[in-house]
Amino acid sequence: MLQVEGLSKTYNKSSRARVRAVNNVSFSVEKGQIVSLIGESGSGKSTIGNMVLQLTKPSSGRILFGNQDITRQRSRSSLKEYYRKVQGVFQDPFSTFNPIFRVDRVFAILHREFFPNEAAEAWQQRVEAALLSVGLTPAAVCGAYCHQLSGGQLQRILIARALLLEAELLVADEIISMLDASTRIDVLNLLGEMRERGLSMMFVTHDLSLGYYISDRVIILYKGVMVESGNTQTVFSDPQHPYSRSLLEAVPRLDVRWDELPPRPASRHEAAMFNPDCDKGSPRMEQIGEDHWIAVRDCLPGTEL
Amino acid sequence: MQRSKRFILLALAALLLTLPLAATAEKETDFGRKDTVYVTGGMWSIPTSFNPITWSVPAGLRGLTYESLLTYDALSDQLKPWLAKSAVWQADGKTLRVTLNPGTTWSDGSPLTAEDVAFTFTYGAWSNPFAGYLETANVIDDRTCDLVFSDPAYHSINLNLYIWPIIPQKIWSQIPAEEATDFEPSLEQSIGSGPYVIEGYDQDRVVYQRDDDWWGIKGLERSFPAKRVVYIKSMANNVAMAMLSQGRELDMANNYVSGLPAFTANNPALHTYYKGAPYNLPDNIVFLMPNHTKKPFNDTAFRRALAFAINTDDIVEIAYENMIVKPENSLGLLPHPGWAAYNNDDIAKNLGYSFNQDEASRLLDAAGYRDTDGDGLREYPDGSALSFKVSVPYGWTDWMDALRIITDNFREVGLDARPDFPDEGRYQNEMVKGEFDMLLNNWGAYRSSSPFSLYQFLFSTYTPVGEDEWTGNFGRYDNETLRNLVQEFNRIPMDKTQESNAIVRQIQTVHMQDMPYIPLWINGMWFVANTNTWTNWPGEVGSTNQNYPSLWTDKLQIGGLWMLSEIKLK
Amino acid sequence: MSVEVENLKFYYRTRKGSVKALDDVSFSIADGEILGIAGESGCGKSTLSNGLIHVCPPMELAGGSVRLDGKNLPLDKPDEMNTYRFRNLSIIPQYALNAMNPTVKIGRYVQDLMQSRGIDYSAIEKLFADRLRFVRLPEGIQKRYPIELSGGMKQRVVMVISTLLNPSLLLCDEITSALDVSTQKVVSALVAAFRDEKIVKSVSFVTHDVPVLYQIADRILIMYAGQVAEAGPTEEIIHAAKHPYTQALVAAMPEMASTYRQKKHASIPGKPPALLDPPEGCRFKERCPYRMPCCDERPQKRLVGNGHEVYCWKEDL
Amino acid sequence: MKKYISRKIFMYLLTFFVAISINWLIPRMMPGDPILNLISKLSRQATNNARLYAELNQKFGMDKPLFSQYLLYLKNLTQGDLGQSIIFYPKTVAAIVSKALPYSLTLTIPAILLSFLVGNYLGALAARKKMLDNTVLPFWYVLTATPYLWLSMLLAWLLGSKLNLFPISGAYSFSRLPSATLSFVLDYLHHWVLPFASIFFVQLGGWAIGMRNLIIYELDADYSKYLRALGAPDKLVRRYAYRNARLPQITGLAVQLGVVVVGAITTEVVFGYPGIGLILAQAILGQDYFVVQGAFLMVVLCVLGANFFIDIAYIFIDPRVRHSMIGD
Amino acid sequence: MRLKDNDILHYALRNRKLRIGLAIIAFFMLVMLAGPLFARWEARERAGLYPSAPPNSTNWMGTTKMKEDIFSQFIFGTQSTFLIGFLAGCIGTTIGLSIGFFAGYVGGWFDELLMMLTNILLVIPSIALLIILAAYLPYRGVQIQSVIIGCTAWPWVARAVRSQTLSLKQRGFVSLARISGVSPLRIIFEDIAPNMLSYVVMVFILQFGGAILYAVALDFIGLGPTRGISLGLMMQEAFQNNALQVGYWWWFIPSGLSITLIVSGLFFLNTGLDEVFNPKLRDQ
């Protein structure tokens, strides 16, 4: 459904210094699939999310949605068409709502922008239905200001918003990182339910355990480069790239302590591995198993660093 | 670190303080208080060029450093010898024989001779007052020079005899005539013949130092008590007043000082020419100039009505706080002995005007300017709206105040007049191009040896709109007869007052009947002195110093020089 | 016991009344122990760290006492507390990345700090360098400005400075929450190493991240709405929690053991009470599946094992 | 760093270029003919005005098409030729302006720098105690809200003419000509006090308020909290806060340079202080194109220069700025 | 700014600086609005019996040298001074806001260009620019004066607004509006602008005060309105007529004092608002 091909983003930090935030990233999201983009800060994961949402313009590469390259079409009508199908939820629920307006303004905007012909009552009914389906009581949230609601409630409102549009793809950018431990799992579970209703998702997170919990496929990013990707189970149980391995080892778990982790067998692909610290050449993904890919380098040893 | 930084900053500040010193002299100067007379008022801008034959000479240069042939006593109306012992018209009526006083020298000690005089009046074209009608200048001997005119304009020539400075030939002959006004003589090149030489100057002052070898000490038997004269650039009104009252660094001011009557009352050290109102001697006349090329000013009845509408007493009493004299009649002549012969009161009485708003209204009504739409303001006879503005330059506060009174008067007789205060540039621009409605002006109407200067200013030229008028007929009043009369006036020798008055009477008759320009009030020769250091300033009573108290440019020659030589140390 | 906290109360004074951010909390930390303090936002765990180090308006001490190495801390007298701060108890603050003055070099900073505390810098200079080496910071860091360091390096510098005088108690306030997983591990391990090297005697490690506590804490204290819910040895709290809140909290943690499709984790319904006017009795009662009438009274501390305390009325613990 | 500085230089050059272009453009877009103005002053003496008009018009390049006037203007500028004054004819603008500049500089630079130092110090001092702050703050506000000229007049009236403590006109006594002697310097300073004070005090209020606000922010910053947490005495906390609060104030200094020009102009007029401001005021009323332009140019040049200096100095003062440039 | 939030209102009501500022401004507003009811003469009418008369029962604040009623001048002068401040403040704030918004929101070369312009104008001393503009204008009224002051005062507003816009642009609600298909103009005016309202109000107040001071300086060096009256002109006329030297304090004091009071009142208001909106600065 969504295909990202060779996506790159370079920021001009100053006239000479350039930052490659995203470097030649390709992946796809199929219908009803949750794909996690996992990485630490500076990995470019949010930039990819923003580019898919067309909030940031890619420097190069293509983003195909339904076989149409959406980076080529920038007219407002086509953009609007796109946003009917692709929607997003952002990290900080409290800043996603304009503090001076009531939260249900987001629905009013949808009504105005996408369904101007729909009668007010019919729309109101749809809004309430959507709120109910994300587990919110319409009466409790409509008319409230965002500081009167919890982060979990706010994120659900945004998911309800995507439902109203009958969006096909949801870009969820760190949507639970600012929620409390006791409620974040709720939102995560809601994402799971949405998947069952056929909604595809790009789940952007720095938290490996969340990615493991919810996603079908994972993409591990480091400094803007995909280092490993594939089926969630496969990648998490048998990481090959040294970076993914060290990342997995650092995750605090509730079943085993860091110093009690069983040693992993050595990586089988070490020699060919792409070193993201090398800025020469561009990485290429090579398949090493059924739906398991790692980055390999094109530049030869000795030409880098 | 904090402390060191502060130190650096302070050091920087200290360093900067010494900056202006770097460019200046090494010798310490501190004029003794009793050696110096400090004056202000005549110098309006920073001293620019010490070239005596440009228009922007620093005050004092012509008079103190460069001398004219004669001087003119503006109080008693007498030409007095200065460089020249005499300047006498020869029998042919075309030759003026100038005889120099014995012993005239330049400040470098070299003699000032008839050669210099001849050179001065033949040098250059537009920096020479006689250009165009001086035929030749014949040097008869070391002391004598004949100026031969093709067309003897007696009154103009007379004026320039006491105004125009004699310049040293040896310096100026090196300067091509077309560059004459660009020439900036250095202090070494500033060789004059006068009692003072330029000692130094800065942005806001010029210091003249007495030349103790001045030829006039013997030649004129005259000396100057002050070792130095410091001309201070005109300062803000309040500063002038404060400095005058202190008398610490200011002895005399030749500028208009608002609030002076109230101030002198509390400061016994302050001295004015008259003890009470009008405080100042009359010096020049301010005219209201309508633009004759515009409606309704081309209507004589309208202009005459305006003349009746203005309350000149209010101007004198309110705007000027009674610091000036009231005009005797409506002729617009100065109450000045040199002009007294021409003060034809009968003409003023029969044809002139006085403040009478009923008469103004009557005239306006009669001419058809009536309020037809009932808004309290008069319209043109054809019913269209009538309004106009009257301009004076912004910042001339006394004039601005006077103008407010005038426009109020106009409104009182139902005329929609607005005061307009453009900046000086626009004022002059509109004036020269004839684009104004009405304005106030006094440029050529100053105290002189003959009212010819006044009539030359007002009536000697006519320039159609589209060309620039420079002399004084800014309103483009077109009256050829009058122009010829003025020229005729100029061709009658100075002493034949009866003949000339016959012509002046004709001029005045036309003036009063037609009222092309309306005389308003007589500006004072602003003068106030502090007597703490120097005394015997000119005054109506109790002073032996009976001289015209002005140090403005070209007024030293009509009294200022004499005044300076007669003040006394307290 | 190096730290004994008894009935400690910190309130925030606001216009509408006192917010009882920390309300009657008692616990102790043994010598050489890392006590993990966990809870959701607003449970009072950060108030505890901040209050111990510096009570300043609008926060005020509303009661209770803290004994450090047997001496009562003068919490209500900020000036007297100054003698204890840094020497006896110290903090690695939540904002460690911004804790250094950006315009002062690190060496200079420590020098100024020591001077202001009346400590001879030269005496401590070598120790400082040793400690910097101990946390694997490169040489010459003293001559650099904080801005020239990476986030992880700044964090370590602050850790070194905070522990330079070998305090008895080190308060770590959410020091891992802003960090990436890999740095998180390094930093937590360093805290443990400080304890192991006897640089600090005992540690209070405050975080909302329960899995991190499982990795390094000896004991864990679970807080809820300004009060202690449960405290006990790490293993017991994580795998054999007694308090319903602790159980629910641990159960809500996604972990690397199961996925959504395999096992759906459950959340805790409802939200914590407002601390401006907290309910009588057990503060968890509104959300508790086992609610009983007696929950309207405040539960007493119950010992359910070796050093395992629970504040709950439920009988079959 | 080189990159940064060259970028800055480029920006400043561009700014300067824009400034001089505006300077050239404005008078030419306005109605009025400056040459006429000049001649009308001259008409009281000379006779052949029409010829003179043509001559001067040519001399000032007014008869050429606009674009070549502009080129001529730029060409003359590069040679330091700012034209010739009209009201001070035949003085060149460069001569007039360069004579006046030192007076303005010695008045404004110490006034800015000293008010900066003292204002910062007093602002920081007041911010430490609520009581002191509340009593002193209104005073700062009134100071900074006082028009320069109003304060100048009050000072001149009270200290000058009433108490007779200081002279109120000129840069040094009228009884002197400048010389490099102590007595002259003292005399100069004596005259300098009042104009200096009127700029100094108005500026002082602004700095004190700025410093107070910044200090309050800095005292709330994380690094201040950390210092307190480590038991550092208030003295050190405040010292650090002051140290950091000073940095934005220095940027403010650059902005104030442009503002202080106002003070300088009106103060110079009140005290007849022979600086650029006085020249400018005179040239305006006399509609002297060239002097107005020259004075404007000088003011712009000084402000740009000072800004540039502060920009560069900032690199050395603030490690944050320096660090952000290492990437370049 | 959440007006709903009674915190704001609460602090606003008990903030002393805000109250002082409001009181001063309210007083002058009263002078300006109710004053004309009591002003028996026009500003330039020669109304008094005596020139330069001290305050008396007819001329409550005395008269000028021209017998003008100073009370009337004060009323109408306050009016035009407020008008200048208000208009110039509006113009400066509006230009600054628009440029700041668009530069910040649109970004790219558009931003670079606008900011280059802004930075250039920022370092060119605006008073000098004002002076040459004013000097060459053929006619100067209160409105024109406001326009030229407003037109030179905006750069720092633009710069500040731009950086605020940049930071607001990063906020989630802008992204949300964008993926809701809202047009950029709507985003700027509906989402970004209201969030800067408090900031804009403060900027406006500062511009207001600054414009008054600039206008006074212009009035003083002879570039004031060519007709009408303003507090600056009153001060200048008093100065030119030696009011202080001669002892006509009633002519000299009201104008200067009022200007100082109005501007400091505005500054008080500004700081008061700052403290109200900014919890960090609040009095404990």
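First chain written, first letter: the chains are A, B, C, D and E, and each begins at residue 1.
We adopt the following convention: a residue touches a chain if its C-beta (ideal position, glycine included) is under 8 Å from a C-beta of that chain, and two chains touch if they have at least 3 such contacts.
Being a predicted model, the structure only gives us computed values, none of them experimental.
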Name the chain whose C-alpha centroid is most distant from the C-alpha centroid of subunit A. B
Distance-maximising chain from subunit C - centres being C-alpha averages: B
Can you give the whole-Å distance between the Cα centres of subunit B and subunit D? 37
Determine the centre-to-centre distance between subunit C and subunit E, using the mean Cα coordinates as centres, and give it in whole Å. 51
Between subunit C and subunit A, distance of the C-alpha-averaged centres to the nearest whole Å: 32
Nearest whole angstrom, what separates the Cα centre of subunit A from the Cα centre of subunit D? 55
Do you know which subunit D residues sit against two or more other chains? 31-32, 153, 157, 161, 269-270, 284-285, 287
Subunit B: which residues touch two or more other chains? 236, 238, 242, 245, 394-395, 423, 426
So which stretches of subunit A touch two or more other chains? none
Which bits of subunit C are touching subunit A when the two form their complex? 40-41, 180-182, 184-185, 188-189, 208-212, 214-215, 238, 248-250, 252-261, 264-268, 271
List of subunit A residues in touch with subunit E within their complex: 50, 53-55, 76, 79-80, 83, 86-88, 90-93, 95-100, 106, 109-110, 113-114, 145, 158
Interface with subunit D, subunit B side, in the complex: residues 6, 9, 12-13, 16-21, 23-33, 36, 38, 45-46, 48-49, 51, 54-56, 125-127, 129, 131-132, 181-182, 184, 199-200, 202-205, 207, 230, 232-233, 235-236, 238-239, 242-243, 245-246, 248-250, 394-395, 423-426, 428-429, 431-433, 443-444, 468, 470-471
Residues of subunit E touching subunit A in their complex? 1-2, 4, 171-173, 175-183, 191, 194-195
Within their complex, state which residues of subunit D touch subunit E. 11-12, 14-15, 18-19, 22-23, 26-27, 29-32, 130, 134, 137-138, 141-142, 144-150, 153-154, 157, 161, 209, 213, 216-217, 220, 254-255, 257-259, 261-262, 265-266, 269-270, 280-281, 284-285, 287, 292-293, 295-296, 299-300, 303-304, 307
